[in-house]
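Scrolling down, you'll hit the structures one after another.
Consider the two complexes below, in which chain A is the common component and chain B and chain C are the respective partners.
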Partner chain A sequence: MSDMLTAAFVTVFIATVISQAMPLMLAAVGETIGEQAGVLNLGIEGVMLIGAYTGFVVTLTTGDFWIGMLAGAVGGIVANLAMLVLNVWLGLNQIVIGLAVTLIGEGITSVLYLQNYTTSPTSLGAQPKLAIPGLGDIPVIGPSLFQQSGIFWVCIILILGLAFGLARTNWGLSTRSAGQKPSSLDAAGGNVMRTRSIAVLLSGALVGLGGAYLALLTTATFSPMLTNGLGFIAIVITMLSRGRILVVMITSLVYGLAVAIGPALQVIGFTVPADIIKMLPFIIVIVMLIVFARSSVVPPALGTPYTRGAR
Partner chain B sequence: MTIPNETTTAQRFATGFVRSVVPVLLALIVAGLIMLAMGSSPLDFFAGVWKYGITGTNWQRSLSLMAPLVIVAVGLIVAFRGQLWNLGYNGQYLLGAVVASGLGPILYGVMPAFLATIVVFIVAVLVGAVWSLIPAILKARYGTNEIITSLVMSFIAVGVVNLLIKGVFKDPGTSTPQTAVISDDDLLPYIPGTEIHIGFIIAIVLAVVAQYVLSRTSFGLRVDIFGASPKAARHVGLNSTWMVILLFALSSGLIALAGSVDILGQFAYQRADWDPRYGDAVMPLVFLARFRPVAAIPFVAFYAVLATGGTLAAQQAGLNVDFLLVIVGLILLFMTVTEYIGERRRLGQSYLPPGLRRTVLQPFRKATERTSA
Partner chain C sequence: MTTTATSEVISLRGITKAFPGVIANDDVSLDILSGQVHCLLGENGAGKSTLISILAGMQQPDSGSVSIGGSVVDISSPKVAVDLGIGVVHQHSTLVPAFTVLENLMLGESGVMLDKKRATERLGELADLLGVEIDPHALTADLGLGQQQQVEIAKAMWKGSRLLVLDEPTSMLTPQAIEHLGESIERVKERGLAVVLITHKLREAYAMGDCVTILRAGRNVGHISVEELAAYSEQQAQDAILAAMFGDDLAAGGGADAVSDLEEAAELAGATAATREIPAIDFDSRPVRLELRDVSSKGGGRDIEAEGVSLTVREGEILGIAGIDGHGQGALSELVAGQRSASSGTVLFDGDDITRTGVRSRQQLGVRYVTDDRLHEGTVGSMSVALNLVIKRIGQAPFWRFGRIQPKAVDTEAVRLIDEYGIRTPSPATRAGTLSGGNIQKILLARELTNGARLVVVNKPTYGLDLKTVHLVRELLIDFAAGGGSVLLLSTDLDELIELSHRIEVISRGRLVGGVVNDGVGTAEKVGHYMTGAIEGTD
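Right, the complex of A and B next:
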């Protein structure tokens, strides 16, 4: 068995962990920004699918992965408009709207895909790798970590930038106060509704990016219900991370590990039923929820529409 | 000046009726427009729904589909009344189904069919109830969001059910992963003169009983108090921990029962990866019915026709069955909007909330007006 743990095997393993973790990381960071501003978006499963589908279609027609990713972000923003208007602006029931967005996202992407793409082969192919000079030549971690597509690096920089922004800038402070105590943001001269609107649109862009990453880089294709519960895992990770984006990154990597272990075991020689491989991330999530139940804290004003002067 | 709060029962009923029917109509219209945009004919689709859902003996198929749907609706209402959002229905349903399709063939061999059916139903309810314990306890002890925990448990249940069907419950006689087929004699009998199994009657009875218990007994009142405010419930001496666990167990058990009724009444066996996702469709309907079990029956009947006819009609219109999900999602969206507009109208308030007026309209006002805002 030890001779199976070759450099090539470890390289593939690390690459799988990263490619599985990235869509979740982007979606969970998006959800974190929304939740920190006080908007619980239960529709991100649908938003991810819409981002994935638009990214897939645009990449297929233009042949450019970068434009595809951008289209995924735009798709996510458009899908989140429902959340913006109905929940943030009109203050309607967030649970009902979130589920509506999930159902519509699942339904419409599945119908459109089956109507347009079932007859022709639809793999997008591999992305050109961007080797970082020097680091890319290190054995094992070189090819797995430092020879990723350029999109990977842009996403990582985006996430780190948001982590900094949320924790250390004025924008981050207003966003967090819109979720912690909207009345104090209002008293300080901020505009709760505008802050939340920006957060929801930004969140939609990131969740859409997550979906597009899943379709373009992780699976290189689209299929109905591609996300298979990933959006809900993103919500769990957001709850457990308490708004700290670095924690979101780490927990997403743990999820990637859980997904990558199944195929890796098969390479080593254990045969694990596909159903167990599919269940494993959810089992890990529920165990994390049980163990860390006490520490899953959400912003106090989460999900409550803000009305000036209302108690 | 009239006092807006004093309304007659007839007026309340009329308002409820309008607020329930308008969203459905709007959703169907928008769904039709989407179909047009996708190049399918909505008229063909709805004609197909009528043809395959109602005409001939098709109405009996629709009523048979109602059996599991109504029981799922009752299960959801029990939890939703207490403001507990049990969204793990897909997994709970499949667990109940696999109890029937897995244990059924074994039990029917060793005991009379009537007794075996009862045992299957009881085991299904228990399995469903036990499966809901983790979300319920986490919610009761730590306030962990039950939407997430029940959903995650649902995904795990789907995996467990597939493992069971491919493993211990697999029919050795076939190569495809499915359970043994239960013989026609052991299935739930038909209502005389029709091809509707008695699961339909079980479902209607359950809905009526649930309606009575929730609206006319002290237990129902306690559920409503708990739903309105868990803090107030604790104040009047209700044990909220037990309330959460009990409501979750009832809800989940009923949904599992729906799965076993569906197998014993309709399908007679279960294939791996089969997931009808009835709960997704039923959930908006129970909102439309305002969490009243009996009021849910006509909405479920409407959806049963839509689903029975829609499956074939969608194929004819060149659409996938998943289009039904879009219709359901649209019903949910329009329901919240109708509710909002209705409530604003009743209170005589502006249709725009004050904060939105400031944000959206301010840039368009003159500077002098702005200071007064």
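Right, the complex of A and C next:
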């Protein structure tokens, strides 16, 4: 059995963990930014699907993964416009609108896909790898981590940049205060509406990117309900991570690990029923919830529309 | 006026602001001069806070103008106010509890990066100016109220204010902290800033103010200029202010009545330090009504829990619990009412263990609770006044029979209570939510103090009420105790505690940290000492 733990095996394992973790990570970081600004986006599942579908269609049409990713982000922004207008500007119930966006996203992408691509499952093929000189030659870690697509690195840099921005810039401070106590931001001369609007659009872009990553790089195709609850897992991870983006990254990797471990066990020779393997990521999420749910802290103003002067 | 060439005037002219059903400001004009402390006096609801919201850019006046140094300005948003150098310390904290002091101060800065170095320097300058010490890296939620207020003042002056507005700054401070605040205001004034101090306490206006403007029902009803205030003795100033504050009411009293009314009004308006008038009673011989033995509470975990609380309340006694807001008062009152369970310790009522007794059974034993959240927890706004009056007796005859409500019985009871407690409502069928705060509080008291009440827990019973209702509520509690009832009074208003309580215990972070027998001499200082010692730690 130990001879199965070859370099090639570990390489594939690590690459799977990363490719499974990335869509979730992007979506959860997007959700984190929205929630930090006080906007709860329960429509994230729908927004991811819209991002995934637009990314898929554009990549198929143009043949360029980069443009596809960009289209995914734009799709996410457009989907989140509904949240922006109805929740932030008009102050409607964020839970109702969020669930509506999820249903719309699921429905519209399924219908469009079945309408246009039903005949044969379309694969996008593999995205060219970007081998980092030097690091890419390290055994095991080299091929798994340092020969990822350039898109992976752009996403990682984007996420780290946002983590830095939230903690160290005036934009980050304003965003966090909009979720903690919007009246404070208002009294300090900030603009609650603008801050929340930017956060919602940015959140949409990231969630859309997450969907596109899932379609373009993780599965290399699109199918109806592709996300399969990933958006809701992102919400859970966001709440457990208390706004700390590094924690979001780590928990996403744990999820990736849970997804990757099933096939790996089978390769090693453990005969685990396929049903159990499919359940594993969800079991891990449930266990995480049971263990950590008590420590989940959401921003006090989350889900509350802001009106000046109202207490 | 002592206007010198250098002093700048901020003029409000004809400010009018109406909200649905109420005119908050009616043609208010006043001048605020730099280097002066301008006191705005008036009852709750007199329009002080609205006027300040307009200066702060939170509200726009319906008509009227604000000008600075002669040129009219349009304060269309808080940002404009900040840029004009108008810094406001609101009555309700605008600090983010989860942020550090520095983060709170940097909020609203322009530029991309947070400049901690510059912010720390600026905080140092302002701390020197105010004569205070503030730890820039402390979490705001961990600071005592006095220190939070210092941070608020620093924030208001962050961009080099020309005007500092303090809205009811002393309402939750200990006597020591109030003194400290007075010194800070003095230093700010010497720097040439204009200060507007809003208060409803006369003695503060006299002690801290250079001139006084009195608002009543949204109108400017009196101004005492710098010269006049300086020339007046404290008594003369008081009389002048009271005459303006309560003008019509006092005049209506007439004759000998007017004198006692004036005294009463003076007392209400906090003209003098509160004192205990009722002679000390020897409570040791009276039976113990409520006893807590080392009780800790166990709640949802959002607010501070009571920890190891031991206390006794005897028959006819009012035990006051002093403390800064949010230090476990809610947990303690819910613990006694039965709404929150005890994780350890024993609760005894008339000698019987009621630790595991439910809310309803406790009510039937005579344990009652007047919550501080009178609008949400205390009443159901969408239900009628009558139903609200009997809502804690759901299912009991004669109001319910065979599971059906008996409107006639409910109405009869409601009319009786409405008369007895003077609840001003168009009819028993009026929705409770449409009444004023004072009348809603009367509904709560009518419900809780009658029908076999033996112990009542009251949490902040007069918070946000107008002076007349405040007076009435206090009378009701005193009468209740005089009739043999016991009162556990939780309040953040030290004057109220001293006026009503026989003994005062101080609560801090859920624990009782010290007790004082209220025998009239120096009680405020002693209580303040416990509060300060427990909360600020070192000083």
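Here is the rule we use: the second predicted complex is superposed on the first by the 309 of 311 C-alpha atoms of A that agree within 3 Å, B and C clash if a C-alpha of one lies under 4 Å from a C-alpha of the other, contacts with A are read in each partner's own complex, and residues count from 1 in each chain.
Following the convention adopted for this analysis, a contact is a pair of C-beta atoms (placed from the backbone, for glycine too) under 8 Å apart; a residue touches a chain by one contact, two chains touch by 3 or more.
Small disclaimer: the values here were computed from a predicted structure and weren't measured.
Novice: After superposition on the shared chain, which partner residues are touched by A:269: those of chain B (first), chain C (second), both, or neither?
Specialist: In the superposition, A:269 touches no partner, neither chain B nor chain C.
Novice: A:125 in the overlay: touching chain B, chain C, both, or neither? Say first, second, both or neither.
Specialist: neither
Novice: Which holds for A:89: it touches chain B only (first), chain C only (second), both, or neither?
Specialist: A:89: touches chain B, not chain C.
Novice: With both complexes superposed on chain A, which partner does A:308 reach: first (chain B), second (chain C), both or neither?
Specialist: Both partners.
Novice: State whether A:191 touches chain B only (first), chain C only (second), both chains, or neither.
Specialist: Both partners, chain B and chain C.
Novice: Counting residues of chain A in contact, which comes out ahead: chain B or chain C?
Specialist: Here the partner covering more residues of chain A is B.
Novice: One more residue to check, A:101. First (chain B), second (chain C), both or neither?
Specialist: first
Novice: Show which residues of chain A both chain B and chain C reach, each in its own complex.
Specialist: Residues 191, 308, which sit in both footprints.
Novice: Taking the touch rule as given, give the residues of chain C at its contact with chain A in the complex, in rising order.
Specialist: 53, 56, 58-59, 77-79, 81-83, 88, 90, 92, 94-99, 103-104, 106-114, 155
Novice: Which of the residues in chain A come into contact with chain B in the complex?
Specialist: 42, 46, 82, 86, 89-93, 95-97, 99-104, 106-108, 110-112, 114-115, 191-194, 197, 224, 229, 232-233, 235-236, 239, 273, 275-276, 278-279, 282-283, 285-286, 289-290, 293-294, 296, 298, 305-308
Novice: Tell me, which parts of chain B touch chain A in their complex?
Specialist: Chain B reaches chain A through residues 34, 38, 85, 87, 134, 138, 141-142, 144-145, 147-149, 151-153, 155-156, 159-160, 162-163, 166, 280, 283-284, 287, 318-320, 322-330, 332-333, 335-337, 339-340, 353-356, 358-360.
Novice: Provide the residue numbers of chain A that touch chain C in the complex, in ascending order.
Specialist: Going through chain A, the ones touching chain C are 168-174, 176-177, 180-181, 183-191, 300, 308-309, 311.
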